[in-house]
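Chain nomenclature is as follows: A, B, C and D, assigned in order of appearance, with residue numbering initiated at 1 for each chain independently.
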């Protein structure tokens, strides 16, 4: 028993309370905020379990981006939830209990938490990733090595998932409201330029914005040495611009970064990533084999490859997140 | 214990006290505006004290710089966030609770603050 | 058993809460919130697999020798991004459903469809 | 060049999707989708022939030898499914332009083709990969794009159908993720071959048992196996016709293939069918599916809904075949996967043409179709006969193989259910034919119908025609299915 156990207990208590709270409340706004809190607390747990990259992403994506999207939707729908009838809740409870029961049953044969002799720690993968990656790839952040090189193909898939979501939302919400709408009066969009005296907000946002964008760039390019990488950087970059849109209005944001530019950037990032794959094919290697990018120094090739694919990820994620925000925000304006 | 650690402990203790006060206020105060005030104690005083207290304990220069940057960032953003929150509430027509008013206002504004 | 497995169990409890919210609520936004909780619980289950006693974050440094396993972290990074992509698409559908039916409640929308079918 | 084909046939459609979005032209997007699917089909055919002569192909992405990187492994089983999926994609590409022009807002058509490319990428990726987690990633690519493809249906019901599919599909995907995680927890690896090597030592391990359960349930949701089928009927019925053709022919089949790969290639038949009572469970579920799906199809009054419910029933046949876990049973399952993909794809293509001509697919509106559109009617009739399993159709070949496998396994009750469900198929197909052939058209319907566009007819006849050829000249398909089953079971053909 050490101090970490107590932090664990406190965090898990907060998590459980948040989960119960968001399950019980019928105010959707409160539920959305609690879900953000839930993500943030789970990010703390990830830090305790040494998953700093995951914690970073969960905080930026789960607590940040997802909450923004929920609020955008709530601003467009403004609904309150009805009481759940028992005909739905009883089977749901049975299914949930059964699933949980199976998992508890499964956990009884799972290796003890944090033990050193678990199959996961004993597998040859561990040694390869933790010991050999420094010579094979030479990037101190092993998560980045595994993410962008050993399992670079998964990450390509993941970038494609973001791309898919962006074009799917563009397809669904792309061009303003349809003429035949069940609700005739257009709702207020989320980022109206705030009418009253907002000097404080404007000044502070202007002050902060360069630093947020700079931090995003730092996260993008420092991902080899510390937690971070294209995903986190993309989300931070996008959230900086979302802040700008919230304070100065959607039109100002669209003047700064136009939707047309975003529509080119989203596929561009995927093209860069996949392009690296095809380039390595043409250079005579396997798909995404960065070693061939530099004929003399494979480790340098790996560096170059990781830099390029992270750039692709960063571009797609930034543009996709911003595009999602624009799509939701513009929906209420009714143009 | 070195004097530096004493100061650090003192600051951390004070920070904790502020945290507790803020949490208590968030729970007990009657309406949205006073609760915002309580929350901003946590954002500003408690956070600043804890960060400075930690900075005094740290042995690496890089960590101290990072902590100070966090402090600077919070110095600007936390009051702004509280300000924006309060102004939004005011714009939305939420009136501050005053002792003269009947208690039912309190219940309503309490719900809105959640 | 308790000391070595409580991490898994808490994740399982959170997972059950998320699953219950998804299955029991008819409000579409609430369903997506439940889906989020459900997925985050699964992430916790995965991340706890990589942790090693006395280990540190898998960023190689001369000061450390024991690192937690990076592979679960990589997998969950992917899964988090998949999660937000799904949520975004789901919310876009919610907005469109609200425009088409005037409600975000799945049951109400189904009833509206049934009424429409009866009329024709 | 052939060495890189395993990755190319997934990477080319993947590359096609961003190109569609960049060019922003419906016409260019169609060409890109067509070229990508033809390229995928060509590579799949080359792969299949190479696998048939030289044995399985291995490809290490990033040149990281498995289990350290992600590996692609192509054997007779997934070559079979790859050819099927990419072939259907080509047919969809031929079918799509006119149908999409009629159903989708012109501003969004290029995005729609990008989504089709992505869906194809996802499905091919699931099939080709030799890495358990990679399955999840590509599963989500294909799922997300199919939600979007379905949501663009003309009626508002499509939105609701897509949302329900999204919730169910995400639960299914996350269940698969849990299952993979549990298997990873007890082995420490994600490579399929590595997993398969380490798992036999762990039979009886409770974590592993639960892993089998979670993966099975998750993939059963994605495959719409009977009690978990709720999302399928409205999703496929409300989808735009082109998406309906593609998804109905490929989506659930690929999920079933993924289950086969997990069951035989990772967990091992010894665990899933020997140690656990999955065989009996799958037979019960499959039997229930074929009866319930066919029975409910009889009560629908919309052509697409009848077809969608019939899919729920037809999936039952495939599931029963794989539940036998024998060489015959598996080849019957593969035969039915291909037969049903062709027949149902052809029928959805027909339904799309009906929707284009009549503006609706309600069953009463079909009256007089046999006279106003004889070609469409004949395609509908031939496809319907395939669903029932009349001799000289592909449906007969696969059902015959299934019945033979069931006789070998002494499953007489299931055989009775197969026959009963075929009778039910006769009822719902008969209803369609009866209305279309014998019922007088309402007077209004004499107003000019648009004629069938030639590409749509071509795609329809392509799918129905291939299913007929496969029914008459069944040897090549049977041989391929037998080889696929043998590859899964690990017995050289």
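As a working rule, a residue touches a chain if its C-beta (ideal position, glycine included) is under 8 Å from a C-beta of that chain, and two chains touch if they have at least 3 such contacts.
None of these values were measured; they are calculated from a predicted model.
Seen from the Cα centre of chain C, the chain whose own Cα centre is farthest off is B. Judged by contacting C-beta pairs, the busier of the interfaces A-C and A-D is A-C.
Centroids of chain A and chain D (each the mean of its C-alpha atoms) stand 31 Å apart. For this pair, chain A with chain C, the centres built from the Cα atoms lie 13 Å apart. Work out the mean CA point of chain A and of chain B, and you get 28 Å between them.
Contacts with at least two other chains are made by residues 133, 137, 140, 144, 147-148, 151, 178, 184-185 of chain D. Residue positions 19, 22, 32, 49, 71-72, 75, 78, 82, 85-86, 89, 93-94, 96, 100-101 of chain C each touch two or more of the other chains.
Among the residues of chain A, those in touch with two or more other chains are 103, 107-108, 110, 118, 120-121, 125-126, 129, 151, 154, 157-158, 161, 164-165, 168, 172.
Here, these are the chain pairs in contact: A-B, A-C, A-D, C-D.
Residues of chain C that touch chain D in their complex: 19, 22, 28, 31-32, 35, 38-39, 42, 45-46, 49, 71-72, 75, 78-79, 82, 85-86, 89-90, 93-94, 96-97, 100-101, 106, 109-110, 113.
Touching chain C in their complex are the following residues of chain D: 133, 136-137, 140, 144, 147-148, 151, 156-157, 159-160, 162-164, 166-167, 170-171, 173-174, 177-178, 181, 184-185, 190. Of all residues in chain A, only 27, 30, 196, 198, 200-201, 204-205, 207-208, 211 touch chain B in the complex they form. Of all the residues in chain A, the ones that touch chain D in their complex are 102-103, 105-111, 118-126, 128-129, 149-154, 156-158, 160-161, 163-165, 167-168, 170-172, 174-175, 263-264, 266-268, 270-271, 274, 277-278, 281, 285-291. By the touch rule above, chain C contacts chain A in their complex via residues 1, 4-10, 12-27, 29-30, 32-34, 36-37, 40, 43-44, 47-53, 55-61, 67-78, 80-89, 91-96, 98-105.
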